[in-house]
Structures are given as structure tokens and as C-alpha cells.
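Letters A, B, C and D mark the chains as written, and numbering starts fresh at 1 in each.
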Amino acid sequence: MAIHKFVPKVYHTAIGTHEPVLNIKSGDTVITTTVDAGGVDASGKQVTEGGNPQTGPFFIEGAEPGDMLSVHFDRLAPNRKFGRSSTVIAPWVLDPQYIKECPKGKSSNWQIDLKRWKATLIEPKTKLGRLKLPLEPMLGCFGVAPPRRQAISTATSSTHGGNMDYRGFCQGATVHFPVFVPGALLHVGDGHALQGDGEIVGTGIEISFDVQFTVRLTKKKPISWPRAENEEYIMTVGNARPLDQCVQHATTEMVRWLQEDYGLDARGAHLLLGQGVKYDLGNFYDPAYTMVCKVSKALLAKVAKGKSKKRRRA
Amino acid sequence: MAIHKFVPKVYHTAIGTHEPVLNIKSGDTVITTTVDAGGVDASGKQVTEGGNPQTGPFFIEGAEPGDMLSVHFDRLAPNRKFGRSSTVIAPWVLDPQYIKECPKGKSSNWQIDLKRWKATLIEPKTKLGRLKLPLEPMLGCFGVAPPRRQAISTATSSTHGGNMDYRGFCQGATVHFPVFVPGALLHVGDGHALQGDGEIVGTGIEISFDVQFTVRLTKKKPISWPRAENEEYIMTVGNARPLDQCVQHATTEMVRWLQEDYGLDARGAHLLLGQGVKYDLGNFYDPAYTMVCKVSKALLAKVAKGKSKKRRRA
Amino acid sequence: MAIHKFVPKVYHTAIGTHEPVLNIKSGDTVITTTVDAGGVDASGKQVTEGGNPQTGPFFIEGAEPGDMLSVHFDRLAPNRKFGRSSTVIAPWVLDPQYIKECPKGKSSNWQIDLKRWKATLIEPKTKLGRLKLPLEPMLGCFGVAPPRRQAISTATSSTHGGNMDYRGFCQGATVHFPVFVPGALLHVGDGHALQGDGEIVGTGIEISFDVQFTVRLTKKKPISWPRAENEEYIMTVGNARPLDQCVQHATTEMVRWLQEDYGLDARGAHLLLGQGVKYDLGNFYDPAYTMVCKVSKALLAKVAKGKSKKRRRA
Amino acid sequence: MAIHKFVPKVYHTAIGTHEPVLNIKSGDTVITTTVDAGGVDASGKQVTEGGNPQTGPFFIEGAEPGDMLSVHFDRLAPNRKFGRSSTVIAPWVLDPQYIKECPKGKSSNWQIDLKRWKATLIEPKTKLGRLKLPLEPMLGCFGVAPPRRQAISTATSSTHGGNMDYRGFCQGATVHFPVFVPGALLHVGDGHALQGDGEIVGTGIEISFDVQFTVRLTKKKPISWPRAENEEYIMTVGNARPLDQCVQHATTEMVRWLQEDYGLDARGAHLLLGQGVKYDLGNFYDPAYTMVCKVSKALLAKVAKGKSKKRRRA
């Protein structure tokens, strides 16, 4: 249960089987930092090239293909006073006929007030004035080394995680990954002070982060897509194009999970999802989109209670 | 501001330019009923063929192409003690490789307790036991006559509304439709006692409804896709396949709406959505899927306040 | 085997259960005309509103739901000396990022030489000069009344046919439709002197046509999607969005056809398609796209011969 | 203009910046071999793990990002007497509702007659009997190292080429790639004795190959997607999901090419494609599908002649 303070020196813009920067054990906690999507650190210095540069990879001892790696975000917090975001919705998010009416791309600057937990729009000038929004910090891109000796661009995502840009991946969330390579090789990066669903302008408010996470390894627990949970929900994640395929991946993974770990039969799992499932849109910008399938823990507790009652009666 | 009590005698399984059943005026309220998706009424009698049969159409006096018709749902309530739902997730919602592992289709029966506002699963027997879920009544299919003398199946949806199967279309919501034909010709039907996001088993808990709605006509207010609002959000609706195209339609309509009615410039609208938009999945089952784009009224109030402040300072 | 000369007086821009214009029998031939997509006839007169207006519907005596209607195009020929086409590729055919670089929409005029069987580009002026292309006449939009009392816009297509805009639907082709309503109700229209794959500018060279077709009814022969054949190929047609879904519909229909009418077992059908299937892109412009799945008759003859040889040896 | 005979010893199942196996110059020819998709060589020996193992990479001297690498296939020929293919159409190629009716997966064996240039089906037993098909050898997977230090699985494809599985990539074809890394790093593999459009069972007839190719480097010729040509056509290739996006990539690349190298203005390029474009389906099986956009060289010659005539008259 060691706590490691780690200061990154190299960054990667593809998630792959790179040289590990630190060996850690299941149960260990890492306190580190990430630079922003453009490679700029807490002090405003460009320390690496842009493109969601990742801190890591962290080697988890004993992790082998077929295991599951759980990453709990103990703390995710912006660590400087400015952020930036794009300002124009990506053309593939709008009707093709409408695209010619869009304004030109332009960056926006935001002042980040870490005390009041607010982002204030500084420029460009729009009818929004100095819009103030509450911070909701999250990590856009993180994951484990993919299979088949691949190195996959941090612009995109797949079964290994990557650039999912989902608002739900915030402090307090736990994300479970399939392990594809020895050591799992966890990468983290791309902090957003705030982001709308879909990351439809191509960025959240991009900023450098203080990150603290704790890993836990489950041996021989093969999963197909990232799973996650927070206080309220269990979640499965599908990354692909078109969005339809994300729904398919995420829903299938949820059907499996309910049967594996929540004691449901196939028909029970289908039936429960039919009337109780929820979906969140992760990103609708990157080469692979992200859709998240959710079931509330309150509903699962109700199901479990119903089953145990039945058992008592029997 | 008349209140009309209307007892339906004919039903339609395509939304089109049918003979109106009642003429009403902007501001009028209609109290009526709908049969369930299978054509069964409150007394359990099959009164028409299945397939989301619609009550109506209602002719709104003075409605002309280019106007906007607003329908406020004053009351939406199941009016009998049983409902049914399908139990198997549609194959196109799951990974194609996984489909062979799905259980066979089978109907489920639910007891509806209108006092305690609960649905209880009666059969089939699954590990869920007698699962109890709170009612969240909504209308799955309703809309106005489409353009070009079309009659469009109530299995699907488009710019005219139709089978959108969105959980947010519940009591208290107002839905705005483009008017395509004289009188608009409003149809309503397909009540669900409850439904998960996506209607992924192909049904909610299907049941007959008491429906009370009030219409309001806005002259010369052309819109492209259904818009809606409730206490918390303004919403735009995209109906199409694949889901990507739903996102495009809904987002484009929201960009337009923010500029038309909320005083934003194009860049302001894009920028606001980038960090503030939310999406809900309507249906992911019907021939056209449904995605809903939302902006919170609290956020819009903040923007408006910012602008009026600025004006006062100026 | 009557031959009917029919002069149209009304046209429809939705395919549905309209009043039949002529009753014909299986085996009968109809000689008629179609106006161009804009409603302009052979003399250059606008005789009806635009939008692929259809001649018909023709009522085929004895046709009932569950039957198959075959339409053989005996003659398809432009019948005037000018045509027009759009000139700009639709924005949804191009990368969203590229759309802003496209030229503005503008119509082009073509001189049609019916002796030399050539179309010559007259305007606009481009680097193509007076480009001359050989005529390849085809019908873009035709079909039978859809089920469920629908009337479906001639802008789109589905199981009933409609606006498929496929270059292979030319003189000599036979198209087989499912019959959904008594009399089948055949509509024909939207002649193109010529068209590229995909109809990616939204039009072929649009022109009025002389049309001669012969119908044949097969009783109790339910099919799910249009099928077709010419001298070289048997073909199945999928109409939907996205294009992926067209491939699914067309391929499934072909797997069924090979088993129903060509004596193949399931594995044989799959295996044959795996190494022998071809696909053509119909339209990639309309609300529903079109993909055509093809198997060569030479290949089928080889399979049949193999089987009869085996039979003889046995 | 050296000719290199190269005997491979290592293979790669991801295309990336691996150690080059041979340095060659623009104009050089390489004579080498590839193992089959399963890693089995000409003698029937498993020499490496399966998954489209690639021979190479070949380092082309002087190749830099922004250049174009052209690969001409001088000779592509199966080099052994047996091949295998899958026998069941992939579930995502068929209607989701139909999948449960498909036969189970099973491999098939083919005898390859290199004299008569025929493949004969040996097993399984189906109604096809001992079906004989003419060979049409092609390479399914080949490409150059992708950008951003990625290593991309040979199961899929992108701007760098990869597993495109297009029947047109046969002897006599020239394929042009963007260069992303110094030396380009060309990989070749995955020979098919024969394949249907779409590779819809997931394989062609998989077999080891003798390969001879000649490379040519064009300096400072940035292209976005693979381009290709044979005697009849110029072609552009889009690799993505859904198929719609493949069409967008390929068509956009063709619009660019016509303007860059064939002297057309934008409107001329659009107009020519509108009435003259053709599309071929590459693969509809892999994680990224492939669509090929084609323009005939005869048509381009006609355009060029038109332009030179005009010039002479001027």
C-alpha cells in the first residue's frame, strides 16, 4: 500500500508498450501530475509536444493478460490558473448542409479560480460575456497498453481505454481495464477543468492536473471493454464509430457484467436493462466515439435484496 | 381556452393527413385517452390493430406550414392495472458476435399499482423475482402530419415527431413541432408506464393512458426538428439512423435555437454548447433512432443575466 | 398479354395507396412516359410539381400481399433533347472538414443527342469544356405501394423500392418487388440519361422518358427486399442508412434467395458469397442509401452444373 | 534500379516503426515472399504467429514525411498448392435479426492448381460440390508505418494502408502511400488466391505468395489517403467505419487528386465525378472498412483531349 510521488520527465502521444517509468503494486497509490493536451505544464511551460501527452506508463507488478486493472481516482484537480478550449463545434457534429454557416476556429482563454472552483471566459468576446462555469475536473485520456504490440494514438480510444473524453471520469470514479500486456502499463493525461457531453468542440477546458490514483489488480478476470463505477452507478464503456457501435459494445459488456458479478440470469439481465438502463455520451469528436451504459447501484441493491429475501423464504 | 373531452373511435398506425377527429384552437386543452401499443384499451379490450395506434388527428385552427405547434402535457397517466413489455434486447443493440447467446423473445407482464405508483414484474420468472419499479409515465409516439402528403408509420420518426420513445416526454414537458400541413394534425399514442433509455428491448411497459394536453400555436416560426422544454432544460430532438446523424440534427437545431431565441451570436452558441451541452438517448430500437440535445435553463439564465448586466453597465 | 398505351395526367411525389390509373394483368405491357425529376415533360413544359413525380400507380390484377411483382424494363429512353444535373457533390459525401472548400451549387445543362446517344455539357463553363458522355438511361425512382397505409416520399426508398438511383436499373433489367397491398400499385418515374455511382451530386442527367415495361406476378412468393436480374447478374437491393445497413439488407436477401431458388444449403450460400459476391453502390445521396449485392449467372450456372453432374454420377 | 532478392526471417502483426529488414532506393525492385494470414509458409510450415504477418519493413532511402511512395506490383502469385478460407458470413454483414439462422463457423480447404490457375473446393461438403473458381491473386494487407510512432494492428487499416482487403490490389496495380516516417517503412503480406467483394466471410482463399514489387518515391507530394491506379482506372481509398465515412474519405481524396494532377477546377472535378464516378467495396469485415473511388483513364483522356483541343483553338 505504498504511496509513490512521481514527477514525470517523458510523455507519450501513443499508448503502447513503452519503457515503464515506475513499478507499483496492487493497492499502491501514485501522486503525480499531467501536462495539458498541448504539452504545457502547471507553470505554463511547453515541456513536450502536444496531442494529449501521457504521464507513465506505470508497471503494475503481477499484472498479466486476462487480469483486470482497477484505477481509482483519489484526486483530480487542475493545478494552474488558466485553461483554453476550442470554440467551434466540429463539422461532423452538425448537419453537413449547415457547416458553411459555422464561425471560424479560434481558441478561447479561461481564468481558473481554484478557490471558488470556477472557470471564467476571458476571450474571445462573444454575447456570452465573461461566462462563469463551475469546475468539474475529469481526465480525458488514459488507459493501458493495447494488445498485439500496438501503439495507439492518444487521439483515439478502443478496448484499452485512451481518449474517451467522458465527463464521468472524475474524482471518485474507479475505472476497470482489461490487461493486455505484462504490467498492464497504465498511462494518464489530458485533464479538463470542465467539458460538455460529447466534447463537441474538440476540447474541454484544457489544463494541467494534479493526479492521485490507486490501483488494484484482480487476477484472472477477463473483461472486454472498460468498466467503471462511482457512488451511484456501474458503467461500461464502448469506444468506436459510428456511435451505434459504441452502444453495442457498452450494452453487451453490461449484459455480461450483470451475469458475471450480480447474479442475474440472461433474461433477467436483459429485462432489467430494458426498463432500467441509462446511457451517457462520452466523446463525439475523436476518431472513435464513446458511449457509456449505466445501471444505478440503487436498482442493483433492490435486485439483490429481492433475491436474498427469496432465499430466506426458501 | 376551451377544454375538450374527446373519446377516440378510430386509430391510425401511420401519421398522416387523415380526417381530423376534432377541431381545436390555440390555447385549448384536450382530455382524451390512448390505447396501448398493441391496440388494447383501459378495459383490456383489443379495440384496434397493434403498432402504436394513435388517437387523433386533432386539427388546430389557423395552423399553417411554417408555424410552430406547442403541445404541453398537462397530465399523462396509465389508466389500468396491467402492462406488458418485451424482455430481450434487440440484436442491433448488442455486438453482432454476441447475439447467438441471447435468450429467446418472450413477453413479460407487470402489475401496475396506480396508488403506490409502482410497476411489479409478474412473469416471466427470472432472478429478478418480483422486481418493483417506480412509474415514470411518458408518451412514446406522437407528432404532426408530415410534409409532401406522406403517411409515415408509427414505428418510426422524423422531423414530424413520431415514435421517438424518449423518457423525457412525460407530464410537464412541452414539445414544439414544425407545422407541415394546414391544421397541423396532431396525433398522440403509445403510453409507457416506464422505460429505460433507448427502449432497447423494443418496448417500455406498454399501457393505455389518460392524456390531457394543451396546444399553443406560434405563427411564422419555422423550425426544422422537434424542440421541447421542461422546468430544467430546453431540448432539441434528432430522429434518424445512424445515431451519429441524430446527434447532428439535434445539435444543429440547438445552435439555431440559441441564436434565434436566446440572443447568442454563432460563436457564443458554439462555445456555450462546447462546455455546457448534455445529450440523452431517446430510442435506439426503431427504424429511426432518437438523440436529444439539452441545455439547462439555469445556464441560459446565467447567460441572460450576464448580458443584461453588461447592458446596464453600458 | 395486352399492350397498354397510357398517357399520364396525374403524378405523385409520394409512393402510396393512391387511386390506380390503369388496371393491368400479369404478362401485360405498358407503354407510357415519365416527366423529369423537376416535373417537366418531353416538350419542356412543367406539368406537375417537382420531386421525382411518378406516373401511375398501375393496379396489377390479382396481386395480393405476399406475392412478388416482377417489372421488366423493355425500353427506357430519354425523349427530348436537353437534360440538367446538379454540379456539386453533396456535403455528406465528402469529409466534413473539406466542405467549406466546395464550390456553390449551380445547375448544369446538357444537350442530348438521341441519334449519337451522347450527352454534351453546355454549361456551366469549367475546365471540362463541352464534355461528351455516352447515354446510359436508367430509372432513378420506382416502386410499389408500401405496407401499413404509408405514403413514402419519392425522395427516399425502402423495402417497396422508391428512390434507389441505381445505374443498373436500365433497359433489359427485371426488378422484383414484394407486394404489400392489393394490386401492388406500381409507380415509375425519375429518368436519368446518365448517372455516376452514388448519384453523389444529387442528380443524374435528369430528363423525361419513354418507358415500356412488362409485369409478371408470382403468387405466394414473399420476399423482403427488392431483387433484380439482368443478363449477367442476379441482384438484391438494400435501402437504408448508414450504408452498412444497406449491405446487411442486400446480403441477407441474397443468402435467402440462393437457398430458396438456387438449391443451395446455408453453408454453400455463405461460402459461395464469400469468394464470389460483388457489390454496386446505388445512391449515396438520398435519405436512404442503396447498396446492391450481385452474383453472376455464370457462377450460378457453374454451381448448377456441378450439382447436376453429381446427380448423374449418383 | 537494383533488384533485391529478400528472404524474410521476421514478421510483424502490427505495422509500425520496426527495424528495417532491407534498405532500397527509389526505382528498386524487391523479390520476396509472404506467409499466409495464419503464418504458414509455402512449404506448409507455421513460421510465425497468425494475424496477417507482414514481410518487411523495407526502408526507402530518402523518403521523408510529406513524400509519396508508389509501390507497383510486378508479380503477385500464390506459391503452394493449398489454401483455406472461412465459410460463414460475419454477423455484422447480415441483418441482426437473421444472425441466429447462420451456420456455425468452420474452415474450408481449397486445392490450388497453379497451372490451370484454378482453386477447387475440397471441403466442407456443401451443395456447391467441388466448386472450381479461377484465381485472382491479390494482397490483402500492406502499407507504410503510420504517423505519431503508432503501431497499428494488421487486422485493420487507416491512412497508412493496412488490411484493406481490396480485390483490385493485384498484379499490375500501383498503390501510392503518404510517407509518415523517414524511410516510409513498407510492409507487405496477406496474399489471397481469390476473394469476393467485401471479404465478407473474413478471409479470401488465404495462401503464401511470391511477391515482386518496384518502388518509386515522389518528393514533396503530400497525399491524405492511399491512391492507386491500374490500366483502366485511377483510384482513391478510404478506410474507416462506418462505410459512409470510407466513401467520404475516398471521394474527398479523388476531388483533390483531379485538381492537383489532372488540371481540373473544383466545379469541373465535382461535375465529372457526379456523372462519371465508380465505387468498389474493399473490405466490409475488418475493424475499418474500405471503399474505393474510381475514375476511368479513358474518361480522363477525353477530358484532357477536350482541354488541349480548346488550347489549340485558342
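The rule is short, and it goes like this: a residue touches a chain if its C-beta (ideal position, glycine included) is under 8 Å from a C-beta of that chain, and two chains touch if they have at least 3 such contacts.
Values in this document were obtained by computation on a predicted structure and should not be read as measured data.
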Chains touching both chain B and chain D: A, C
Selected interface, B-C versus A-C, where C-beta contact pairs are more numerous: B-C
Chain C and chain D, separation of their C-alpha mean positions in angstrom: 31
Approximate Å spacing (C-alpha centroids) for the pair chain A, chain C: 47
Gap in Å, rounded to a whole number, between the CA centres of chain C and chain B: 35
Numbers and ranges of chain C residues touching at least 2 other chains: 92, 96, 241-242, 244
Touching residues on chain C, where the partner in the complex is chain A: 90-92, 96-97, 99-100, 242
For the chain D and chain C complex, residues of the former touching the latter: 85-89, 92-96, 98, 101-103, 106, 108, 119, 121, 124, 126-133, 194-201, 203-205, 241-244, 247-249, 251-252, 255, 263-268, 270-281, 284, 289, 302-303, 306-307, 309-310
Partner chain A, residues of chain D touching it in the complex: 13-14, 16, 51, 148-153, 155, 240-242, 245
